[in-house]
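In the two assemblies presented below, chain A is common to both, partnered first by chain B and then by chain C.
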Partner chain A sequence: MKILAHSYVCPKGTYLNGKRVFDTGEEENPFKSAYQQLGVEYPKFYKMDVLSKMAFIGTELLLPFLPKEVDLENDLQLIFANSSASQFTDNLFIDSYEQLNNPSPSLFVYTLPNIVTGELCIRHKWYGENCFFVEEAFNPGHFSEWTQIGLNKGNNVCLCAWVEAKTNGEQECFLFLLTDSEHADNSIELELSTLIKQYRNE
Partner chain B sequence: MHKPVYIAPLSLVTPLGNTVGQHIEAFEKGVSGIQIFEKDGFQDTPIALAKRAEISSPNRYDQLLRGALEKAKEQLASKPLENTAVIVSSTKGNVDLLPGDTFAETQAIIHEFFPETDVFIISNACVSGVIAINTAADYLLAGKYDHILVIGIDAVSEFVSYGFQSLFALSNETCKPFDKSRNGTVLGEGCGIVLVTTEKPADFAVLYKGGSSSNDANHISGPSRTGEGLVRSIEKTLKRSGLTAKNIDFVSAHGTATVFNDEMESIAFGRTNLDQVPLNSMKGYFGHTLGAAGVLETIMSIVSMEQNTLFPNLGFKETGTSVPLNVIQRIESKELNTVLKTASGFGGGNASLILQKQS
Partner chain C sequence: MSDLKENLKAQIIEQLNLEDLTPADIQDDAPLFGDQGLGLDSIDALEFIVLLDSNYGIKIADPSEGKEIFQSVNTLAAYISKHQ
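Take a look at the complex of A and B:
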């Protein structure tokens, strides 16, 4: 298994393969700024929740690294995880009925973590397999297991993400593309844990 | 050739009871767990729900989980399970833990009954249950574990009730999947546990033949008009199982009883040549149990196979989809060898799996 490319999106900035591509540390609305700097036209971005916005930006940057020979429409699998499910939007939705007396349908539809993968599938016309796990913390061993299982079933590439938006302000999206390689080495787990540490310390 | 993977029901707790026998009785007599609650809706409005009377708020999730785990543990008492993991399927976890993490206590509760097992949680809307069973089988085939308990669970809550009310997705009376007069779903609650294992169980068990998921790539909350994701998932599952539509004896459909979902499913079943196969949705009995649905409905599908019985689609009277389906209206005996279970949900998710009797 090997990493084809990786990206990281957080309020401070957006990074691709270890290099900062957008500096948004000073922005009042960092994800809107990153979206505008991307230069893509996708007005649906504005109605997305934070999880989807971060994943949208990070995924756009990874597109050039998707293998050309693969049937992406069917054989790209999405494996996402976080520790807080849709906590950030859950609390906004509770406010809509407890404080504002008006349960908001547009918030409610984002109170499921897998809406993120749905948004990406809509954007890129991906019909493949999706799964969203909730875990205590980023566990590179699990991502490598899930990807191996997906590849065994005939999927070709996995777009993996640790995407978190908590009510305490923690927001990050670490995306990485995994695919098979001839070398069956275990260094991938170490590589992933090193990468997320480096991104978090930037 | 893959090694065989077996599935056996362990426990289920719903408004209809906490034993398989109680569920068979309710299914035979056409008893529904759905009731109108005069003040449970937003701003004390009436709402139809399938709630388990024996538990109370808050922390209904914890009570359902402990109730089903206790029963599962009894079932497994004689047989210590080594190299076992647990996969939980839930859309929301315990919403009473908000503003904190809704899944914060799930692993600790499971460890009260099954200490030190690895616990995975899948939260993928209403297809979570089917995906969890598929993932369990994949883990076994990869040789990582010998047994996996798959737990499907969701509880009734203000949070989810108000949300579905805000979407105008709920029926004001009862749940009538695929019927002409269906006007929305009814939220239910429950917890079901199945054992997925590579070791042939002593009790009745069926073979897991294959499964898959597919996204509609169409809309985050509305069903696809063409059934594209469900079609692709069914086709992939048939292919992985080495079977065709002709082999399917019964379809346990999702059938939420919203106008658009059931219409989408009918189109997908038409496109996959499954429209004449006897089919039901079980949501008329225990409502839409969200993350529990795939597991509870798989359990009752296995029960149908064991009994060689087609249970009626409670609430159905007249065809109400553009592609007419063979909706089961009367209880009927039929040799059931191969069964397809499907699910569809928010986020454009679709998933399916195939079960087969051991030859």
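Take a look at the complex of A and C:
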């Protein structure tokens, strides 16, 4: 297994393969700024929750690294995870009916974390398997195990993400593309752990 | 009526998070739903129902009415004027 490419999105900036591509640290709305710097036209972005916005931006940057020979429509697998599920949006929705007395349908639709993968699949017309796990912390072993299961079943490439929006303001999305490699690489988990630490320390 | 339409356009942009649009981009008679219009979806239709209730005190008892009411800013404004 090997990493084809990786991206990282957080309020202070957006990174691709270790290099900062958008500096949004001074922006009032950093993800809106990153989206506008991407230069893509997808108005639905503005309606998305923060998890989907981060994943959208990071995924757009990874598109050029998807193998051209792969049937992406069917053979791309998505494996996402975080520790707080959709708690950030859940609280916004609770506020909308408890404090504002105005329950918001557009917030309600994002009160499930796996809506993130749905948004990406709709955007790119991906019909392969996808799953979203909720676990205590970033667990690279879990990603590699599930990716391997997908690869064994015939999927050719896997888009993985740790996408987190906590109620304390911590927001990050670490995306990486995994694929099979002729050369067995036992250090993939260590490499992923190192990468996310590096991004967090940027 | 024209003030109502302008207010409606601003409220639509705010309520539906259409951040890349301005009121001037929304024509009075342009379809709001479907590929030819603003490309709004079923969740946006629910937001319209909330908007009418919270901003104008109008409750739509029969959601199937929405198809006619939400056709355009013109039809929305006409419905509000009639029912307020």
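Criterion: the second predicted complex is superposed on the first by the 202 of 202 C-alpha atoms of A that agree within 3 Å, B and C clash if a C-alpha of one lies under 4 Å from a C-alpha of the other, contacts with A are read in each partner's own complex, and residues count from 1 in each chain.
Here, contacts are C-beta pairs under 8 Å (C-beta built on N, C-alpha and C of every residue); 3 or more make two chains touch, one makes a residue touch a chain.
Being a predicted model, the structure only gives us computed values, none of them experimental.
Asks: Tell me the contact category for A:P105 with respect to chain B and chain C: first, second, both or neither.
Replies: Both partners, chain B and chain C.
Asks: Where does A:T117 make contact in the superposed view: on chain B (first), on chain C (second), on both, or on neither?
Replies: Only chain B is touched by A:T117; chain C is not.
Asks: I want to verify the contact counts: of chain B and chain C, which reaches more residues of chain A?
Replies: Residues of chain A touched, chain B against chain C: more for B.
Asks: Just to be sure I read the superposition right, which of the two partners does A:C131 touch: chain B = first, chain C = second, or both, or neither?
Replies: A:C131 contacts chain B only, not chain C.
Asks: Give one of first, second, both or neither to describe whether A:F174 is in contact with chain B, with chain C, with both, or with none.
Replies: neither
Asks: Of the two partner chains, chain B (first) and chain C (second), which one does A:P43 touch, if any: first, second, both, or neither?
Replies: A:P43: touches chain C, not chain B.
Asks: Return the residues of chain A at which the contacts from chain B and from chain C coincide.
Replies: 103-105, 109
Asks: Show which residues of chain A lie in contact with chain C when the two form their complex.
Replies: Listed in rising order, the residues are 32, 43, 46-47, 102-106, 109.
Asks: List the residues on chain B that touch chain A in their complex, please.
Replies: On the chain B side, the touching residues are 42-43, 91-93, 95, 98-103, 107, 120-125, 131, 135, 138-139, 141-142, 144, 158-159, 162-167, 212-221, 228-229, 232, 240, 346-349.
Asks: Could you please specify the touching residues of chain C with respect to chain A in the complex?
Replies: 16-20, 39, 43-44, 46-47, 50, 54
Asks: In the complex formed with chain B, which residues of chain A make contact?
Replies: Within the complex, chain A touches chain B at residues 74, 78, 83-85, 87, 90-91, 93-94, 97, 101, 103-105, 108-109, 111-115, 117-119, 121-122, 124-136, 142, 145, 148-149, 152-154, 167.
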